[in-house]
Amino acid sequence: MSQAQRRAEPGAGGSAGRGPFRLRAEVVESEALPAVHHRVVLRAPEIAACAQPGQFVHIWCHPPAEIDRPPCDALLRRPYSISRLRPPDGVEILLRVRGVGGRLLAAKTVGDALDVIGPLGNGFRTWPDIGVAVVVAGGIGLAPVPALIARLAASGARVVLLAGAETDEKIPFRVERPRAGRATLPEVAALGAEVTFVSESVEGILITEVVALRLDELPEEGSAMFACGPRAMLKRLAEVASGHIPLQVSLEERMACGLGACRSCVVPVRCDNGTAYKTVCRDGPVFDAAEIDWERLTP
Amino acid sequence: MSQAQRRAEPGAGGSAGRGPFRLRAEVVESEALPAVHHRVVLRAPEIAACAQPGQFVHIWCHPPAEIDRPPCDALLRRPYSISRLRPPDGVEILLRVRGVGGRLLAAKTVGDALDVIGPLGNGFRTWPDIGVAVVVAGGIGLAPVPALIARLAASGARVVLLAGAETDEKIPFRVERPRAGRATLPEVAALGAEVTFVSESVEGILITEVVALRLDELPEEGSAMFACGPRAMLKRLAEVASGHIPLQVSLEERMACGLGACRSCVVPVRCDNGTAYKTVCRDGPVFDAAEIDWERLTP
Amino acid sequence: MTAPDTAVSIGSMSMKNPVMIASGIFGYGDEFRGLAEYGELGALVLKTVTRQPREGNPPGHRTVETPAGMLNAIGLENVGLEAFVRDKLPAALEYGTNIVASIAGEAVEEFAECARALDGTGVAAIEINISCPNVKKGGMAFGVDAGASAEVAAAVRAATGKPIIAKLTPNVTDIAGVAVACERAGADAVSLVNTFSAMAIDVESRRPLLAAGSGGLSGPAIRPAAVYRVYQVAQAVEVPVIGMGVIWNASDALEFIIAGASAVAVGTALYADPAAGNRVLNGIRDYLESHSIARLSDIVGSVEL
Amino acid sequence: MTAPDTAVSIGSMSMKNPVMIASGIFGYGDEFRGLAEYGELGALVLKTVTRQPREGNPPGHRTVETPAGMLNAIGLENVGLEAFVRDKLPAALEYGTNIVASIAGEAVEEFAECARALDGTGVAAIEINISCPNVKKGGMAFGVDAGASAEVAAAVRAATGKPIIAKLTPNVTDIAGVAVACERAGADAVSLVNTFSAMAIDVESRRPLLAAGSGGLSGPAIRPAAVYRVYQVAQAVEVPVIGMGVIWNASDALEFIIAGASAVAVGTALYADPAAGNRVLNGIRDYLESHSIARLSDIVGSVEL
């Protein structure tokens, strides 16, 4: 990094004036997971100190020392959810490796440095008197779930995770299918959640339908729902949840700045006179489902 | 490589209808040499079978399997002289690693494949009754010298190599400076040449001046000179040799096709009415010095 | 050797050095705060504003990466002139360097109105964006026509005493002609290039990757095309030229300067490196020092053909 | 499923498939012989010829790599019409597929003369290069003006019964306008894009990297800008559009086709992979088969905005 670049500097974005920070984070763990997934743990003290579940980091995929040379691919940073905090100063991310940026990140080895900005955006809001917290995740939407579950469990809520995917290969965790009973994700369950996992290809049901079926079981007061996954899933959940249970959703959109400046990553939100746009990177990625204009949101 | 691409196919270029061939050559040796040099030996039977000293190969620097993906740098192939034939089917090249293409090639390891077209261009002409062959090389201009020396020595000529560089680091061979006598390059001498090496920084003289001083020693009949190196060196040699000794020079120029089609790599040659252009890739890279229009050749 | 002199003047706007931030990259300046010393740069150009707020292009992808570049089709989403002056400008002025407002409109009078409203504010200069490829009306519609460009420049000239910069589109036959027309109409400088109009298609869905269909190409990809246009314009006008088209490092900036740019603006590179402007500036200083060049202006337009 | 129908007609020239080789890349066809089955392709466009031989741009670098692209400034070096017809064409015709001659000139009459001389030869079509950015007179001077382009097209139309293709420059404000003018004047097809004018400077020597100063940018860098221009032109003309602008793989080609190109030409990619055209063709066939598309023409211009 050049002299002008700071190791860690509070910026204006993010929630409540904490960060974002830009720093050169060391890779302290790098592990290939089943299918095309990968776990990276970064030493990022300033980020770890203030990150909220649902916030993300924006990562430059090339070596920090080469920032002076324009790359020809992965020109832009890549947004990844903070998956879990690893005290004292670790930030874990889970990648589903699909494109060039993901490949570059998955190729990093312990000791490599990454130029990271974060924590960015607004995470999931939690509050003390949540009785039952239903967390719904689809596919790589499971990435931010561990931090969220940890937070919810710590706040005393009963946490129910309903996770789904097309196939077991689409999630970054190991699936356990006991002889009797439903499939689970032991690593996630260990964080303090009751886990149900369904894969379309095995169980033949969509997770949204599981949610719809189980919605009645929830106490009317003190329940809350949190979701992350493909837009079609989120849209269906918003329908299901509407009028029954407060729902927060985490959205994705193509980003450039990641800071709220460029207006790349907007999604339509309802407003008094028609629609307005909010940014996924700064206003989100987590929104109240009721706030989103689902009709105008592209699939 | 795609189906459409052939393993080895005779083309129309090159000398006497032999080649060029395009083939997927396996790297059988890859060795870092002193300073920024690198030796790569390719298994390229069709090329090895017909290559002449002074001809070159045109190398795609990315993995052959990725030819379907446009790269963002090293978009064009890179020309490298055939440095030496390594029977039965090896072709050796020596790289001075300066830019992105060189770096990609130097990073290849044994067993990797390279997509190579060759042999290309017209090499050095040699003939049976050369008495004394003076080979003059500057810097990385030494690359094609081993093959040339081997050919000349085999034809019965006495081979004198006068090699020079700014510093010892600018050549791909080990320099030996005995207590008494002049510096030599043992690896090259072993091929059958009397070697004199001078480095500007140590001996404080330019190789062209050594040539000028020693020109009188040569028999009037049956001597021939061959040169490869920076243009300033070749131009000075052309002056020195003119009227005394036939001189062939090997030139470099930026290439695109390497086949004589695109007219990228032209150099000005004398012709009856003014100047004309010839291509380094197909008419050259070796030209009679007397043919070149040295005044119009850019430095 | 004393430190090289890097000062540049654009009309009455004095810049301590030639490095600016390009419009639209940096929003209104607040979002990047703290990620670099933006106050060290010569000037910061804020996101283009229009008289009324605009919601920009429809939702869906507004940016997409392409080889060595990116397409954007934001569609001039902005808070509108009033909110800009009231809510955004004061904070931007705290950077302590020149703040340049960028304005656009669908009619000549709209440009003039914006300029009039900015005349009493603390902005150091006004950039007129007649080159946005991402809005149907206005924007590029002016910039592709020398006459229309001149009309806008003249109207803005009449409306403000601030220095004005005409931002030009490369999507024209004769960019130098447009530049000269703007100069004659009173522009104190011209800046170029805005993005090249472009489109990328997903061959599976057979739909454009950008929600808006087409957009503007920026990135290292276009640098040589941008450098050439700066060269052409610099040959034709007397006023300073501000060069841009992915300036990523000092060498890129120097290419533009040697081609004829008196100042340069960093755009897309800021997304990768929020401190790109500062990095470029340091590199320019190093180059001047190591080449014993006393004044930056000594090398502006020094390319030898 | 039977093999998809990939045939394309350009006036009276029938091509068995839409893949061509772009002019200037392939010389007169002889140099690449044996490196791929060029006869399998739809048509091969040979290097542009002029009435008299031309020596092209001065010596020094004529090509230089840039991010995801290359600049060239060959300057239409060619053997001249007579030697072309006598020495080069016969060998090219041996490929057994359509051979297209590309012609240029400094005056309208020169284009007409070339066309007349080619009328009696075996060329399947004539491309008129009114878009070369690398010569001072002629070339792009025509292509940047709709009227002048139409004049050239009309003169060539009068001089030959062969199908004619007008090759357009992207360095204009209104490429669709130029295309329409050529169509009205009798062009059977338009091809685009030729290269974007561009420049790269060595900041150490402060000299352009190309001996000619400026040149034309091709490469993956410009693909989105080229695709958009093909889209614009295809919306405006009835005649077939031939798309190009670094088509490297089948997906690139399909972008052009979906944007509106009836055929595509492979250029710069041939330098990396002499079999790029064949590779692209195979990939197009695979796409059609795997998407159960019976005729290529079903997806020409099928982009949904």
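Going by the order they are written in, the chains are A, B, C and D; count residues from 1 in each one.
Keep in mind that, in the parts below, a contact is a pair of C-beta atoms (placed from the backbone, for glycine too) under 8 Å apart; a residue touches a chain by one contact, two chains touch by 3 or more.
On a predicted model such as this, the values are computed, not experimentally measured, just so you know.
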item: Centroid comparison with chain C (C-alpha atoms), farthest chain; value: B
item: B-D or B-C - the one linked by more C-beta pairs in contact; value: B-D
item: Separation of mean Cα positions, chain D and chain A [Å, integer]; value: 48
item: Centre distance in Å when chain A and chain C are each reduced to the mean of their C-alpha atoms; value: 35
item: Where chain D touches two or more other chains at once, by residue number; value: 67-69, 219-220
item: Chain A: positions in contact with at least two other chains; value: 70-73
item: Topology of the chain contact graph, where touching chains are joined (line, ring, star, complete, other); value: complete
item: Chain A - residues contacting chain D, complex; value: 70, 72
item: Touch list for chain B against partner chain A, complex; value: 71-73
item: Chain D-touching residues of chain B, taken from the complex the two chains share; value: 2-6, 9-13, 20, 22, 60, 67-77, 115, 117, 253-268, 275-277, 282, 296-298
item: Chain D - residues contacting chain A, complex; value: 67-68
item: Partner chain B, residues of chain D touching it in the complex; value: 24-28, 30-37, 47, 55-56, 58-65, 67-70, 72, 74, 77, 211, 219-220, 246, 248-249, 252, 268-275, 278-279, 281-283
